[in-house]
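Pasting the structures here.
Both of the next two complexes hold subunit A, though its partner changes from subunit B to subunit C.
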Partner chain A sequence: MSTGSVNLEQCLKCNLCTLVCPMMEVNPDYPGPKKAGPDGERYRLKDPAFFDYALKYCLNCKRCEVACPSDVHIGDMIQSARIKYGSQAKKKGLRGLRDWTLASTDLVGTVSSPVAPLVNGVLGTRPVKAVMDAVLAVDKHRTFPKYSRQKFVSWFRKQDQSAFDRFVTYFHGCYVNYNYPDLGKDFVRLMNAAGYGVHLLNKEKCCGVALMSNGFADKARKQGTVNLDSMRKAVSAGEQVLTTSSTCTFTMRDEYPDVLGLDNSEIRDSLMLATKWLYTKLSAGEIHLNFRKDFKMKVVYHTACHMQKMGWQIYSIALLQMIPGLDLTVLDQNCCGIAGTFGFKKENYGYSQAIGSKLFADVEDSGADIVATDCETCKWQIEMSTGKTVLNPVEILAKAVEF
Partner chain B sequence: MKFDVIIIGGGWAGRSVADRLALAGMKVCIVSEGLSLAVAGNNAPYSHLAALQQRGVTVLRGDRAIKGIITGSKATGVITRNLGKDTVLKADVFVLATGKFFSRGLLSDMNHIWEPVFGADVSYDADRTKWADSEFFAHQPFMDFGVLTDEAGHVLAGGNSVVNLYAAGEILSAGSKEFDIDSFIEEYEHRIG
Partner chain C sequence: MQKEYDVIIIGGGITGAATLRDCALRGLSSLLIERGDICDGASGRNHGLLHSGARYAVTDREGAEECIRENRILRRIASNCVEPTEGLFISLPEDGLDYQANFIQKCREAGIDAQAIDPAEALRMEPAINPRIIGAVKVPDAAVDPFRLVDANILDARRHGADILKFTAVTGLVKENGRVIGVRTSKGDVFRAREVVLAAGIWTAGLAREAGVNISMMPSKGSLIIFGHRVAGHVINRCRKPANADILVPGDVVSVLGTTSDKVPIETCDDMHATPQEVELLLREGEQLVPSLAHTRIIRAYAGVRPLVVADPAGDGRNVSRGIVLLDHETRDGVPGLITITGGKLTTARLMAEMATDLVCEKIGSKARCETAARHLPGSEGRKPRFIDPFNIRAAIGRHGEEVARMDFDNGGEIVCECEHVTRAEIAYAVKEFGVRNVSDLRRHTRIGMGTCQGSFCIKKVAEVLAGELGVDPEGLVHDYLQERWKGITPVLWGDTLREAEYMQKVNRNEI
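Coming up: the complex of A and B.
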């Protein structure tokens, strides 16, 4: 059951959401959050035929909701409308296949990992990029995140965690498992150094964010149910569920109840980003980490849109500020433009780069060695568009700690 | 997290206070639920908050203070919707700048008006029929309703002064005393030498 339309009457038509919408700035075909959200909802309730297919341009960044003075759930309304009325627009043929492939992170990851060098090599070649661009409409400028030969869970199974008497549960997400196990390894090393053992969820599925934005809400709901069941078990065993991806976290905390209608009330307060957990425990003196004395790094922090929506960047920022030898600048919050799978699609590539241009300029001008952000798709976008290395705050912390 | 001053409300009143205090060198946090319509101009609501952030102010955008904690005669912390109950934001001084009815600084039902964060005392007429004047252009009594303070500007709760809680802007009742930024800064500068 969707709660998307409940508070459309709180909208005063002030247009502050329109002002902060990154898509609105670069794409005149997008009606903007006010029209697509509360205004459009009024019509759609009357007759679903009023559904406007231009709603596909919504990045679901939720900047509109952060700006709204009346707490209208503008982004949820748009997302729910796309799920409810947009299904008939489900693309057929090759673009449908592309959307399905981009959304099926678990399946594609499982298939690709064993043959990672081959997949990475092939996806990186110009002819393959050209064919994917022409046939599947995946933009040729995009660099695919590399698949890792060893999955994070395969590595983790060999780690002995039996020496610990207190534990946290880790939701690693698809990116850590299939593409970037190093982040997960850093997480485990940090938790162990802080005196905590790590468990994985009984069963973990992709959080479903890519499924939702590509029109596969039913599948997302099924995966969400599996994740919530596993998290309830972990939480009832007294463990908190920690993550290293802001978008997975935001999806499971807020989109599950608000868009998919899944009840997460029993676990919501126990599900959090590792940076929030680490900062809270470190500042309360409950855990201790030994920092290296020779550590030096100049970092700019980019607040991902979903991070801003949760308001949790203050933990990541405060955590980075605790590191001796780290020089931190916080950038003004701007959208990077990739919005998950959105920016991979040929028809969106131009918008994606135009939206991100302000951020790219800020990053280039900063003179920093490293960009820190809690979102993996922001990482791909910033690395591709600026050439700077982007790290998760957990990785930076692991580099600064003496193990 | 600990600050010198936490300001609740990101409208004109809250921003002006945050700006002055940050310039004076204080560690300031401002809780701004959405952008403020009171801050006119196309880009101003957004760019003001960004400028405060550049000045070192911790800006909680799109967040709402859901509970202010008062212990004895002092305000000791604030809990927000986004940060959750395990993060109590602490400060030496708190300033309420959440405005009146539209911005939900004051809430009401048919017969009562209250301040939802700290449960501060609110002045209003017990007789519901006297809240508004049917003459549209007359002085409207409800515009005088608001949070009460003592003569030093301390906000009252349960009839007692909360000695480190002040109010600024529209949330004040007519005749109450607004947070005196000038003397507060003077005192601060004197204290730190």
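Coming up: the complex of A and C.
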């Protein structure tokens, strides 16, 4: 089903993966990518009892895979092992409830949106944070992303796209839909300005990244199947599927086939981040945007781990560099430490912050107005840990364009 | 002249070790002499297959019955060395199903529970097997770790008072008035015993000749290849007349495919290695069992010698009885004081030991009864620690069972060999319990360097740690070990194995 264990023997034991693992540096309990991946897999194939619960510390950042000179799917192997052997470790009681809640982005978003001010208010209060910390083990330092009163899709339904004759399909993701519709609105405005209408998928579900990392692989597989069916329809209608979240994109492009065993070959090449699409079209002269003359912004770009894995940071960076008046510095590639829902858990908070400390220092020292990144969870982490505002490159572009 | 033992056993393979244990448990004063390390010869160069007897059911009913009896005993007394994987005998279209019908019948006659199962069910149980199968039979085969089994016998014998002399060759048998009364060693010592038992596998013939006794032995070479991980969870056999490369065994964390069977000159037995031609043959046939073997990384190839005793030296060794051969040289050759135990299999070694010890007891007038089938071996006492322990010692628990209680993980929990998760504590244990000389010896008692990197990355560290324990020069340890590993890597030098080997060279020449 999964390809996780297929190429463990290409590992030459060179340990380059160990050198780049952000978790190993801060957590002596984590055996590291080589031991947790190919070394451990040999033993797990003999007896699942060799599964080590310390594998839960893997951030799934895939930096090990980027470093591996033998193309061993180390991160996939660890993810697959957690799914295959970690089920008995599934937490019961309140921590189980917490993991389920953190993983169920769709459901929680749907419930929260209509009562957004209430939820936002309650989640932000000290007593509630203290209770969540003590009872649910959600770290009290964390700020939950605010829920939006109006979902992105509700706004979108009122947008008339019928005037266009060329379309792209937008996978908005949970964050845009429930928490941050402004990013989606910017995306639609940009596409319209470039002469493209926007369609949504026939049916969109959460990409499943939070489900996978919290041990709900079956549910992730079900949701992935729904997403892939919808994307196949869009792609066969000649539309590309664009996104504004690097992690959703990475999950659907790579984790679907490699970890969940879902075949996405028909849509994989048509699924991409909006920044890649925009840069490619703009640089080829196929679309045109009117940039404002008075735009000024000092920006540092943070490469999210999954961007690095896809190798697509070059598109986001090049796109930002096209903006007149934008002063861009690219930061060293360091993990921010949050790794999706990982950093929200009380037991992981210390590791999260220790891993991110190098990045936070770089951000603070940069003197930038804005931090740009393609990942929403990096955004939460950097905003919480540095006090700087973090924007998606698409939002920055929208600010620089004259509509 | 040193003290007189009741019995001296020559040969530190499974037969000698099991005989030593049996003698010790019966209260005989016993000494085992081995020219190299424990498990240095054929006992460490086989499939690691705990036969159900199914393999022999068609041609050798008696052998099959012995196997199934011993199979059941070893599962109980050596539970930590045996992994109850169960086995499948698969039929491909070219094999037909005629053999299968007879095979099941013969298995049942020998008391082996052989169950025909639907090919689809077999593929569900074991997705790795050739999907072209037309039939499958489930039998109680299992995997047995030969290194651990021999070690456990040695430990039990020593803990019951037996003496062990390793790295000491027997250079001659001492005779007095036509009776064998002891042995002379390469170190110039003479040890006296009331009975001397030859249990030296293929090397038995040479020792017997010393005493003027002729045993006609036929060395039959068997080559095997080791794949880097487990491709199948069951022992996979081909359901046809025994042939080359028709058994794949999941041994510990690897897969072992074998064997070939070729008559070889006795002079070659000291330097056995698999040839590229044998590897090619094994692979070609092995792919029929499990197609993914075609692209699974091979770690190394090796060869062992079956100590077959034959009447007809013209055969190829496969049709020769692999039955147990117990020779009472007093009655057979008029040489009292000398007994030979040979033939047999890893699976039946305990029974061989019982037969040999029964004869020893008869000769020296002891009435002690055999207890080896009833008593658990060290590490298999049935109180195996549960997997709640830190990651770095789980592999050690898997290997040594309760023996891990003798390892000081508090002071030696650091992993030295990462492929096989061998810690400093396990190395110290092996040095103390087994008296190793070098890294190859250490490997046999721990699995150090037996993983996919074959020691590329840990050898220098292992050598430093071992040199510290032994007080010797680490450079020499590194050199000897790499030479020995290289022997098994050369015949399989392609693909990932080649990449690893190049890496190994660079690392060890300090180029990386």
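The rule is short, and it goes like this: the second predicted complex is superposed on the first by the 403 of 403 C-alpha atoms of A that agree within 3 Å, B and C clash if a C-alpha of one lies under 4 Å from a C-alpha of the other, contacts with A are read in each partner's own complex, and residues count from 1 in each chain.
We adopt the following convention: a contact is a pair of C-beta atoms (placed from the backbone, for glycine too) under 8 Å apart; a residue touches a chain by one contact, two chains touch by 3 or more.
Keep in mind that what you see is a predicted model, and the values were worked out from it rather than measured.
A.B. asks: Following the overlay on subunit A, give me a clash-or-fit verdict for subunit B and subunit C.
C.D. replies: fit
A.B. asks: Which partner chains sit in contact with A:Cys14 here, subunit B, subunit C, both or neither? Use first/second/both/neither.
C.D. replies: both
A.B. asks: After superposition on the shared chain, which partner residues are touched by A:Asp71: those of subunit B (first), subunit C (second), both, or neither?
C.D. replies: The answer is first: A:Asp71 touches subunit B but not subunit C.
A.B. asks: May I ask you to decide whether A:Leu319 touches subunit B, subunit C, both, or neither, giving the answer as first, second, both or neither?
C.D. replies: Once the two structures are laid over each other on A, A:Leu319 reaches no partner at all.
A.B. asks: If we overlay the two complexes on their shared chain A, which of subunit B and subunit C does A:Val119 touch? Say first, second, both or neither.
C.D. replies: After superposition on chain A, A:Val119 lies in contact with neither partner.
A.B. asks: Just checking: does A:Val401 make contact with subunit B only, subunit C only, both, or neither of them? Give me first, second, both or neither.
C.D. replies: Neither: A:Val401 stays clear of subunit B and subunit C.
A.B. asks: Between subunit B and subunit C, whom does A:Thr280 touch in the aligned arrangement: first, second, both, or neither?
C.D. replies: Once the two structures are laid over each other on A, A:Thr280 reaches subunit B alone.
A.B. asks: Touch check for A:Val330: first (subunit B), second (subunit C), both, or neither?
C.D. replies: A:Val330 contacts subunit B only, not subunit C.
A.B. asks: Give, as a whole number of angstrom, the minimum Cα separation of subunit B and subunit C in the superposed three-chain arrangement.
C.D. replies: Superposed model gives a least subunit B-subunit C C-alpha distance of 5 Å.
A.B. asks: For subunit A, what residues appear in both contact lists, the one with subunit B and the one with subunit C?
C.D. replies: 12, 14, 70
A.B. asks: Enumerate the contact residues on subunit B facing subunit A in the complex.
C.D. replies: Against subunit A, the touching part of subunit B is residues 1, 33-37, 42-43, 45-46, 50, 53-54, 58, 60-64, 80, 82-87, 103.
A.B. asks: Under the stated contact criterion, what part of subunit C meets subunit A in this complex?
C.D. replies: Where subunit C meets subunit A, its residues are 228-230, 250, 252-253, 296-297, 387, 391, 394-395, 398, 415, 418-419, 421, 451-453, 456-457, 496, 499-500, 503.
A.B. asks: In the complex of these two chains, what residues of subunit A are touching subunit B?
C.D. replies: 12, 14, 16, 19-20, 65-71, 269, 280, 283, 308-312, 314, 318, 330, 332-333
A.B. asks: In their complex, what parts of subunit A are in touch with subunit C?
C.D. replies: So the residues of subunit A in touch with subunit C come to 5, 8-15, 31, 34-35, 38-43, 45-47, 49-50, 52, 54, 70.
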